[in-house]
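Worksheet: one structure, shown below.
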């Protein structure tokens, strides 16, 4: 018997991707998938792509979840802290929600509201020293999807002193699965297909998370909803500090990161190449006209941006190779 | 060292999917990927989703391919027979093209033209007795993508005598990857997005293959190009012979087939649920108004319709479990 | 002052298209747009593509609507009859809903349910003699979207005796706007993009309408939801009666129809070519293998399938050229 | 007889949109549509959405074009200058290409290359004083599609002194029709659907045009190809000069512009709302975290970004109301 795993919020999109990854994971054995509103239903009635998986949703209760070595919480923001607080210390927990990401309670109040829970180890293994911290933690807060895309592009440049932290400008477009599975009018296919629409302009809740993890001190972030089911493409620009080569910095930062790929010069990242994978593709350059550093970053918001990331963190927490059960290769076209 | 495998035509879409599947296959070791026009290029320059795979395209020559235990031919129709004829008998070959599928040379002349090669063992393991034939063959002609979708829906019903073979009507829509990777105006994104367009109406080259494998004697088949990258949805209707339940027939036919899933009553197949998998989803019913049997079939044209099917056949040819390196689960949403 | 027009249900997709068409109509003056749940809101807050139209939604009441020469009812099926019954005889009414389409109350009960209202003049001007009937009517029931697509393909062939009415098989795919604007999970962009999914297989409510208008006696109809906002593509097949040329029959039937275009031989209809127009494109042939007649029909479900059709009917009711304010040309790519 | 008009390059996407607009224009009479490679073909064989238009492509020769009062040149960049030089002075010309847009030959050399033609009156009527210049010109260079989107967002802010010209950052995504109709592998539907891909990062040829028209002195511009047929969404950010309200500046700048719509506060532009129209939708705000001004701009790249813009310019050149034959309303969903 392997490591026993349960998933809370398994009827959502990130939850469904977790179930898919866990079904192919050689060490983790899925013992419970909970979903409040779908309890009692077969998993493949809600996730038809998981037809062949013989599983029924259970109620999301601490007791049901705790009968495991590892719990993934894939709940709406603000709901995981209450559940997490009732899980025994001996159960390792990876939270895919925002509840335990922010250190600063002022930022939590401004962007989320409600009670502010304590910050857990931040679950982005590619940050310096973070892999070891995660490996030693029983509680890990996995990154947000936009946050992962942008932090991987930006953090090394600020850390190496080649990008100024004060005036970072990011425009990032996301696929619709990032907006969740609740039925809302503006997410109808009729509205989204053929459309590009910005939202939460200058007010997205991932701003403090990105600043906390990168050291950026001023960040203009405009998110855009794009007519793709999965994928985030972030264009990150910052003022240069000196003549340093951003590619060289990124190459060094991710030399040993199995899932972050600095592409060969001349090839820019695009989202479709990362679909279904746990990869993040990066490319960097200097804008000829303005002199700004430009880093483009692409990943699958349900993969490296959510479920894949969470499994990578869990692998580290259990001393497994971080690539276990994950793929660098995308599904395309 | 495992079973040594080479792939011809690896720069196309089916070839790319083969590379992806082989990279995760525990028994097959990819030793050569050939692509005439891309020889010398890195694989990930042509297939960016395979970034992380350290591989360079070689020239497509019999000598280069033959240094392997198993060769997959993913070449345009009409090109594989000449290559295959030069491969040693000891090398097992799976052809994803049409060259060795048709027994009747008149049908070949009418739908394809050019020299007609001999028919190989037909590579659809779910047909009665076919699994064993494939296991004993050194040469297998894998099915066409539309053909696989339609045959899996229809063959058991005609074989069981519950569907009349004389007046079968099929309308099937396919994603664009089925049309290949050559740059053609009508396949441009500007033309395809937002569009549904029929083509080769009543004249598609898979008609004789479907008739040969199912015993249908009259087949009206209308293919439609749909704005999705992958996936085929076929609506297959036939006149009933008697009151037999088509679901019961399909359930029995595929009781032991790991990749063909007759869905629970009330759930109809849809393409997105099969993306990236080797599954075919089926549902059947009787039209209330006309009394016709209706079977709807969905699969991934690059999965069970091409590369996945080919790997499944190869597994059988080498005595491996047919599911080795393949997944029943799709990537969604 | 022109002809005064009001629109009930103006916040939906068909209602929005009516507002767009009426804004460009030289004889009809929009005096009221009603929408129960959006009353008091600006029209462009709900229909951002109508920015520039200075209009506010009113409550949907008979009194509000009746202060006009012409009322369009774009309400959910089952809601227009009650409103219509309260409108004065002197006000002309075009109903885009199903309430007044069916003559047979048994069919109404089976496919819709609820009270069965009397049938009005059927609003498809291209049927023989129908243009004159519509011109003389004060109440017209405009066609359903699938129904219009299929009837235009099929009716002349049965009427001319070249197609057998007994075993008609239709598979038709529709864009998502045909499913309306209510927020439902299965219509989310995440679910629909990249997907083709059949629904109401053998049980769609347009079956009796199609049979009533074409004389078909047996009809197998499978609708498919496609990842496009607008457009219907129908593949209609029927057994031939004799050797008559279906193209010749269609050419004669629509010689004087400004919006029905039989394409030149070799060109098949596709949906994108009809987007935003009031056109229906047709092509016909004989399936080589089965001998079945195949007619493919394409139109914009919100254009000739709903709002455009309704305006065309209204033009006739007011003695205007039927093309007034409508375009044959689509918006592409 | 109205004003006689010919269109060169009528088989492309911008050319097709010109034909559509001209077919509905009450004063312009289309007398010739030329297309080198398609000469002799029916227009609707190449543009199926224009079925109903009885027209055949002619050869693109100065003589054929000059038999008109007005010529639209919708040719690839670098091809219109040679043709234009051979048109008589008495014929008015609107060039949709880049050949006559740039004043600075150094910029032409750097971004386009080849012989640099003289700059014509710049065809963006909404710039201060430009409407009158266009009205008095016999030769007008219509704007580029990205350029129009970005200039309309940025020019008033720099002119009013509320945005700094030195560090403007723009990320803009475009639909595929902006990339033209030539068959290229990376524009295949299989590649584009489900994908977001940046290109010409920091090196797009519209950079000098935008700087010339806005006074920006430093511009970082990253274009992204998006899976929509039409539409551009630009996110334009600039450092503020003082506390001035960017909305107030834009409201004043476009108070009399019939096609530029500053949306009510709280509503952000999105591309689908402008499809098929000649509108540009704008919204502006101040980023809370960084203090940057953010203006989002959306239009239809074939409408206000190309053919609609060209017709608007031509209307002015002939003393017609600038809205003649154009619509503010989009086609949605």
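Observations, loosely collected:
Order of writing sets the labels: A, B, C and D. Residues in every chain begin at 1.
In the analysis below, a contact is a pair of C-beta atoms (placed from the backbone, for glycine too) under 8 Å apart; a residue touches a chain by one contact, two chains touch by 3 or more.
Please read all numbers here as calculations on a predicted model, not as lab measurements.
Annotation of chain B and chain D: jointly contacted by A, C, touch as defined at the top. In this structure, the chain pairs A-B and A-D differ in their number of contacting C-beta pairs, and the larger number is found at A-D. Centroid distances from chain B, each centroid being the mean of CA atoms, peak for D.
One simple way to say how far apart two chains are is to compare their mean CA positions; for chain A and chain C this gives 45 Å. Centre-to-centre separation between chain A and chain D, using Cα means, comes to 38 Å. Each of residues 13, 176-177, 190-191, 193-194, 227-230, 270, 272, 275, 333 in chain A touches at least two other chains. The part of chain D that touches chain A in the complex is made up of residues 167-169, 171, 173, 190-191, 193-199, 201-203, 207, 211, 218-222, 224, 226-231, 233, 235, 237, 239, 268-272, 275, 283, 285-292, 294, 296, 298, 333. Those residues of chain D that touch chain B in the shared complex are 13, 175-177, 179, 181, 183-185, 187-194, 227-229.
Chain D meets chain C in the complex at residues 13, 16, 20, 23-24, 42, 45, 47-53, 176-177, 193-194, 229-230, 261, 263-264, 267, 270, 272-277, 279, 281, 327-333.
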